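What follows are several structures.
Same chain, two partners: chain A is paired with chain B first, then with chain C.
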Partner chain A sequence: MNHIERDMAALSDAEADRLPTYPIACGVNRKLLGDNVTYSMWCKDPKIFANGFIAGQKYFDFDFAIGLMDLSVMAGDLGAHVRMDDENTPFVDKHIVHSLEDYEKLEVPDIRKGRSHVIVEGTRLFNEKLKNEVICAAFLEGPLLALTQTAGAERVFMDMFTDPSAVHAGLRTMVEFDRQMVEAFSETGVAGLVWDYLWGNYSCLGDEEYNEFEGCDKYAGMLNKLTADSGMALCIHNCADLPHLDTQVKKFKPVIYSMAYYPLIPDSPSAGEVIDKGYADNCLIAGNIDPQMFIRAKTEKISKVTSDLCQEVKTALCRRGLKSRYCIASGCEVPPDRATKLDNIKAVVDTVKRDGVLEGC
Partner chain B sequence: MNKEEILNGLSEAVILGKPDQARSYAQRSIDEGIDPLDAINNGLVKGMSVVGDRYAAREVYLPQVLMSANTMYAGLDILLPMIPSEELEDKKKVAIGVVEGDVHDIGKNIVKTMMTAGGFEVKDLGRDVPIETFISVAESIKTDVVAMSTLMTPTMDGMKDVIDGLIESGYRSKVKVVIGGPPTSPEFAEEIGADHRDANAQDSVAWLKEALF
Partner chain C sequence: MKVSQIAGFLGSGKTTAVMKIAEGLVNKGCRIAIVVNDVGEISIDSKFIEANGLEAREISGGCICCQIAGSFAETLAKLHEGFNPDIVIVEPSGVAIPWGLKRAAEYSEAKADMVIEHAPVITLVDAVRIDMLMRAVRRLVETQIREADICFVNKVDVATPEAITKTEELIRSINPRAEIAHPSSITGEGLEIVYDAIMNRTSPRYDDAVEEEMLRKEYAKGV
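Up next is the complex of A and B:
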């Protein structure tokens, strides 16, 4: 099977030659473009951004490509100060909401400028090149994530408690920003759009809060529908420890759900448990190798972990009567650090090719 | 209003996340001549422990916890200055921060709150804190504890750099170093020469009390 055939099979739980795989390697791909290409060059130039994905695909032979940049794209374009070091993932170091009135003052930036432009254009470019080889998707921050990045998470959380209407005012602007980005991404021709709905997790928000400030009947519900109506498959990424699976998988009904696993956190769901509990029944679950292994682990170790994960997934799929609906991925982005070992990324893909083979139950 | 009603009013304010109520009960407790330490421990802190336990049991979530913390601080702002300074001298000091390169500070703030509730005087260095700041502040305020948090693996090494710096400056033997955050482990703490690592706020306070008192 080629990549797209395998992806399509896994998405519809048809028979496949092996499990699909996609360690979420994004910024790290720039290392394939030469030592002089820094993170800040990569995330500010659509061509370099796209060339990273194209080089990554050629070198690693993934089954998908997802255009994740980092989580300070929207906040930066909204006016928050982003600290941009040459080689580190940039982050917001000055928020711009200091009073309740400031939520009202947030304005959607011109998405034809700034890093919003880079990510849209860059996605268009890599999609053009890779769309006949793998399923390509764009990546976008959900409204609550964009707002917490802009206003500061704690501020937003406390205001949720005391002045929810101010928070909703901010969220409405984020939704409009997201809406324009969805429209722009839909014109790039990508097959899917991955939403980062990070805050749907029980270490941070309960069902009630999540439902009120992002949830199904609110902003996310609307944006999910817009995604599908714009011709892109709805995908969700949530790297948190205790994701709201009932809401984000069963109610949002994405075609792909990417999640992490935290063995040390009680109740963090393993791949086997996620499948056993039926979350893969209608959705391609992607997970859950610890991203830090790409920096820290010896190559033999990450191969062993990947092999064990393949075994765990295959056994669980059989137990559940499923055929292929799990993608061996990295739970969160492969760290874009200089120290990340490209050999470890390759080892994951190669191990899945060997040990992810599906021979029936 | 009797003492019990005032103390209950303080803990209720914290549990419900109502800073104004905490301020007014704090003022009343002073007016009624209640020992401020009593008002803190059996009022504000009692409420914060209830919220801490409910958060650990996932009955309440961050908006509530952060608001309760805010409420506790509002009450403390009024009550702490009323404590005679000799009594405060016994308070052990903690300098806490998120190591350089990491902006995840929600967990650190919860630990800070529970340490404050546990009777420590806490100096918050914030997030993305340079190594030198940990060392210079520890020395200048003569802290008893340096507490470091990180949620990211690439920044874990910063914890070791702080400890090495403390050794170099000669201050290491005067402080306990506690670390936390999901990527850290007891083994990592040992490897870098920290005294302790904890998975959550409450347990680390219990450990510190044991180690220091």
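Up next is the complex of A and C:
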């Protein structure tokens, strides 16, 4: 099978030669473009951004490509200050909401500028090059995530309780920002759009608050529908410890759901449990190698972990009567860090090629 | 290098406690660095820092996601290579998970030649605002209490005795194994046990805990 055949099989739970795999390697791919290519060069130039994905695909031989940049793209374009180190993920170091009135003052930036432009244009470029080889998807921060990045998560969580209408005012601006981004991404020709709905996490929000502020009907619900109506497959990424699976998988109905696993958090669902509970019945689940292993683990160790995960997944799929609906992935982005070992990314892919082979139950 | 986390939700008194504890540990001859997140209303007094031979760094508040781990690990590695403190006192954002912060701290071992130890995880529980916090951000407060080794019932100087008792009961119901202390970072009263805990005790490493968990699971499969 080629990559796209394998992807299509896994998406529809048909027979496949092996499990698909995609360690979420994005910014780290720049290292294949030469030692002089820094993170800030990669994330500010659409060509370099795209070339990273193209080089990554050639070197690692993934089954998917997802155009994740980082979680400060929208906040940065909204005016928050982003600290950008050469060899690390950038992050917001000055939020721009200091009072309730400030939520009202947020304005959708011109998405033809800034890093919004880079990510849309870069996604178009890598999709053009890779679309006949793998399924390509764009990546976008959901409204609540974009707002917490802009205003500070703790502040937003407190204001949700004390002044919810102010938070909703901010969210409406994020939704409009997202709406414009969906439109722009739909014109790039990508097959899918991955939403980061990070706060669907029982460590932070219960069902009721999540429903209200992610806007399971009005905000996220509307954007999910818009995604599909714009011709892109709805995908969701959530690296939380206790994800809202019933809402995000069963209610939102994405075709791909990417999630992490926290072995020390009681009730954080393992791959086997997620399959056992039926979340892979109608959705391709992707997970859940600890991203930090790409930096810290010896290559033998990450190969062993990958092999064990393949075994766990294959056993659980059989138990559930499923054929191929799990993608061996990394739960969260492979750190785009100077210390990340490219050999470990390769080891995951190579191990899945060997131990992810599906021989029937 | 030892990492000491002082957790707690927005405004629970973390920065005040970090500064007081740092001062106390400096007076005991420790070389101390502090890493704070920048959301707070108290800005760090740079003169105090210079006078006490502290080194301060900022990390952004805001994300429980792995994305922040890299820059935090980088900060620790740079501190080790430059200032080389014995203990780094960290004020994480109120949405950080203590285990996640331990994991991120150990990540710095890939960036500098050092081994990370953890001091007992301290969570501050604001006795004055506990009712409000439990209504507004119950899950975050519960997570921080659940993962703490030591909980401070904080702002005891102004809280009512009823509020203090209630806070203690809450802590016990969420995390029966946590030690409860009532120090005051305003007067410095009751902080001796904190200095002792940070200097002389440790809390498990993330890596070891994961390995043990894996072992436990393997045993479970065997029987």
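Rule of thumb we're sticking to: the second predicted complex is superposed on the first by the 360 of 361 C-alpha atoms of A that agree within 3 Å, B and C clash if a C-alpha of one lies under 4 Å from a C-alpha of the other, contacts with A are read in each partner's own complex, and residues count from 1 in each chain.
Everything that follows uses one rule, which is that contacts are C-beta pairs under 8 Å (C-beta built on N, C-alpha and C of every residue); 3 or more make two chains touch, one makes a residue touch a chain.
The structure displayed is predicted, hence computed values, not measured ones.
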Following the superposition defined at the top, how do chain B and chain C come out on chain A, clash or fit? clash
Touching A:94, do we find chain B (first), chain C (second), both, or neither? second
On chain A, which partner's contacts cover more residues, chain B's or chain C's? C
Does chain B (first) or chain C (second) touch A:162, or do both, or does neither? both
Between chain B (first) and chain C (second), which does A:239 come into contact with in this model arrangement: first, second, both, or neither? second
Just chain B (first), just chain C (second), both, or neither: which does A:154 touch? both
Considering only the touch criterion stated at the top, classify A:4 as touching first (chain B), second (chain C), both, or neither. neither
According to the stated criteria, A:264 is in contact with first (chain B), second (chain C), both, or neither; which is it? both
Where does A:333 make contact in the superposed view: on chain B (first), on chain C (second), on both, or on neither? second
For A:318, select first, second, both or neither according to whether it touches chain B, chain C, the two together, or no partner. neither
Overlap the chain B and chain C contact sets on chain A and report the shared residues. 88, 91-93, 153-154, 157-158, 160-162, 202-206, 241, 262, 264-265, 292, 295-296, 335, 337, 339
Across the complex, what residues on chain A touch chain C? 70-71, 83, 85, 87-89, 91-95, 148-149, 152-155, 157-158, 160-162, 198, 201-206, 239-241, 260, 262-265, 291-292, 295-296, 332-333, 335-339
Chain B contacts chain A in the complex at 17, 58, 60-64, 66-67, 70, 101, 103, 105-106, 109, 128, 153-154, 182-183, 185, 199
List the residues on chain A that touch chain B in their complex, please. 88, 91-93, 153-154, 157-158, 160-162, 202-206, 209, 241, 262, 264-265, 292, 295-296, 335, 337, 339
Chain A-facing residues of chain C, complex: 9-10, 38-39, 58, 60-71, 73-74, 93-95, 97, 99-100, 103-104, 106-107, 109-111, 135-140, 143, 206, 209-210, 213-214
